[in-house]
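Note that the chains take the letters A, B and C in the order they are written out, and that residue 1 is the start of every chain.
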Amino acid sequence: MGVEIKVEKINAWYGKTQALFDIDLNILANRATALIGPSGCGKSTFIRCLNRMHETLPGARVTGRVQIGDLDIYKGTSATQLRRRVGMVFQKPNPFPSMSIYDNVAAGLKLNGFSNRKQTDEIVETALKSSALWDEVKDSLHKQSGASLSGGQQQRLCIARALAVQPEVLLMDEPCSALDPISTGKVEELIFQLKSQYTIVIVTHNMQQAGRVAEFTGFFLLGKMIEFDKTERIFTNPSDKRTEDYVTGRFG
Amino acid sequence: MPSSVRVLQISLRRRVVDRFMTALAALTVLLVLLPLGAIFAYLIYRGFGSISWAFLTQLPKPVGEAGGGMANGIVGTVFILGIASVMGVPLGIGAGIYLSEYGQNRFGDLVRFVADVMNGVPSIVIGIVAYGLVVLRQKHFSAIAGGVALAIMMVPTITRTTEQMLLLVPHALREAAYGLGVPRWRTTLSITLRTATSGVVTGIMLAFARVAGETAPLLFTAFGNQFWNLHANQPTAALSLQIFNYAISPFDEWHRQAWAGALVLIVLIVAAVSAVRIAVSRGTLAGVR
Amino acid sequence: MRTPLNLGMDELRQRLLHMGGLAEQAVDRACQAYRERDLARCQMVLENEGLINAAERDIDELAFDILARQQPLAGDLRFILAVTKINSDLERVGDQSVNIAERVMDMVELPAVQLPVDIPRMAAAVSAMVRRALESFVEGRAELAQAVLEMDNVVDRMRDEAFILLVKTMNDRPEVTRQALDALLVARNLERVADHATNIAEDVIFWIRGADVRHNVGHGTNANTGESVKE
C-alpha cells in the first residue's frame, strides 16, 4: 500500500549553485502525482531528494525535511534502507547487462541478502506480471541478458526490478522519454494500475502524459514550485499566470 | 550535362582515395601480424622437431649428456606464475577499483603516476628489488621471490586496465543499483565489476602474458633448479630461465632444446589466454558482449 | 506567436465574428420588418438563414480540428469550447429571426391594429444585448458580458408584461386575436434571442475567468473568482 509524502522547505544545491528553493508539498497516497516544468527547472533534482539520490553526487547538498509515511527520511533512516522503500525508474532504461532477466528483477532482493529461491521465483513472476512483461519473457528468464530486450521492454524490466523490492513509493523520472508511443502507452497503462498499490511520483516533459496519468500536478520553474493542484485545474484554469503560459506552450 | 560529369569525376576520385586508404589500412594490419607470424613460424621451424614426449616429461640431463627435457621448467613456470597471480591479481584489481570508484583526488593521481612509472621500470631492476626484499632476507633463492618479482610487474598493468574498464561502465548502472538500496561497496563488486568482467580479464591476461616470458626478474629470485621443486621457499626452475641458460651455452644439443623450450612457452601462453577467454565467454549470457 | 494553434484561434475568432454579424443583422432586419410591415425584408432574413447555418458548420469543423490536433489547454481550451457554444447560440438566434420574419409575413396579410405593447422597444433592447455580448467576446471583457446578464432580467419583465397585456387584449377585443397572437409570439421569440445572448455572455465569462456561471448561478451577482492575474 502507498503512503503519503510530506515535503517541508526542501532546498538543494549542486556545489554552490542552488537548484531548489523552499519546496513545500504534500503528495497523497495511492495517487499519481506529476511534476511538470521546463528543462532545468529542478523537477528531477526534487524527485531525487525523495530517495536521497541527490546526495550521491559529489558536492550535492539538501536541507529540509521529507516525511514518507511516518519516516523522516533524512534523520530517521540510512539512505540505503530508504531506497528499499522508495523505488526509482530512470529516464533511460538501465537494466544490468551482465545479468539475466530473472537476475535483473531479483537484483534488489539478492544484492540485499535475500536468498530464498522459491520466494524469489514468486516475487519475480509477480513483478514481471505487474509490469506487463511476463508473457513476453517467461520462456527466456534465465537465458537472455537484460540488455537484449527492446527499449520498451527494458523499461518495463526496470519497473519490474523496482517493484520486486515491494516499495511503498515509486519515483519515475521521465520514464517514457526514450520510448516509442506504443511502449509509452503500455507504461502509462501500468502506472494507472499500479496507483492502487503505490504512491507514484512521475516527472514528465509531456503534458498530455501528465493529463492522462496523474490526479495531481505540480509546476516547477527555476527551482521553485509555482503551483500544485488537481491536474484538471492546472489544465483548464490554472491560478498562476506562469503556469498558464507554460501549459499553453507560450514558453518552455 | 557538364555538372553531372563533374559529379561523376568527384565521386570517382573519392572512390579511388577510399580504396587506397582501405588498402593502406589492410597493409598495416599485415605489417603488424607479420612479425608475430614470423616468430611463430620460425619457432616451429627450429623447435618443433625437438619436442618429444621425453622433452616434456624429463628433467634436464647434465652437461654433455644428450636427451633430457624441460619438464621441471614447465611445471616451475606454472608454479611461479601461479604465485605471482595470487599476489598480483587481487592487488591489481583492488587498486583499480580504488582508483575508479574513490580515486578522483590528488592521492588517486599519485597512485596512477606511480603505476605508470612502474610499468616502465626495466624488469631486471624489479628482479634486483625482489632480490633485496626477499632473497637477502631469507638468505636463499625461492619461487616466492620469483613470484614477488613477477607480481610487482603485473600489478601496474592490471591496476590501470581495471580502472579504465570500470570507468567505462555507465554511471546509470551504478545509479540503478543505488536506487534499489544496494550499498556502495556491494554495487562496486556485484554490478560495476561484474559488468566490466570481460575487460578486466583482458587486462589480467595482458599482464599475465607479459610476465610469463620474463627472464631477467627470475635470474636472482627463482634462480632456477635442475631438479623438481614444488616448495615455494626454494629455488625453482622456469622455462624462461632454462631457455636463457641453454641459449647462451656453447652446446648445440642445448641450443636445440632452447628452441623447443621457446616454442613450448609460447604455446603455453597462447593456450592459457585462450582457455580463459573461452571460459569467460561461456559464462556470459546471450546478448552480452 | 505564429503557431498553428494561435493561427487557428485567430481564424476561429474571425469566423465567429462574421457569423455574429450575420445573426445581428438577421435580428435587426426581422425587427425592422415588423415595424415597417416589410415583406421584402422578411424574405432577406429567410434567404440569409442558409449562410448562418453554413457558418455554424464551418466553425464547428475548425474547432474540432484544433482540438484534435493541437490539444489546447487552460485558457486556450476554454476559448475553443466557448466558441463552439457561442456558435450554436448564434445559429439559434438566426432561427429565431426566421421565426419572427414568418410571424411578420403572417401579420402583414392581416389588417394593422393598435396593440398595447411596444415590440420595437423590446427589439431594441434585445438587439443591444446581442451586440454587447458579441462585443464582450471581441474585446475579451467580462464586465461587458456581466452587463448582458443583467439586461436579461429587464427583457424577461418586458415579455411578461407583453404577455399579460396581450392576453387581456385578446379577451377584450376578440376580433384582433390573430394579430395579438402574432405579437405575442414575436415577443416570445425576442425573449428567446435575449436568452441566447445571455448564454453567449455566460460563455464569455467562462472563457475569461474559468468560472461556470450558467443556469442562474450569479445572474445579477458578480462571478468574480477573485483572480487578479487574469485581467
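As a convention for this text, a contact is a pair of C-beta atoms (placed from the backbone, for glycine too) under 8 Å apart; a residue touches a chain by one contact, two chains touch by 3 or more.
A quick note: this is a predicted structure, and the numbers were derived from the prediction, not measured.
Centrality by Cα centroid goes to chain A. By number of C-beta pairs in contact, the leading pair of chains is A-B. Rounded to whole angstrom, the centroid-to-centroid distance between chain A and chain B, based on C-alpha atoms, equals 46 Å. Averaging C-alpha coordinates per chain places the centre of chain B 93 Å away from that of chain C. Averaged C-alpha coordinates put the centre of chain A at 52 Å from the centre of chain C. Chain B makes touch with chain A in their complex at residues 104, 170, 172-173, 175-183, 186-187, 190-191, 194-195, 197, 284-288. For chain C in complex with chain A, the touching residues are 1, 3, 5, 71-78, 210, 227, 229-230. Touching chain C in their complex are the following residues of chain A: 207-208, 234-241, 243-244, 247-250. Against chain B, in their complex, chain A makes its touches with residues 51, 53, 56, 58, 80-85, 87-88, 90, 92, 94-100, 107-108, 111-112, 143-145, 147-148, 158, 161-162, 165.
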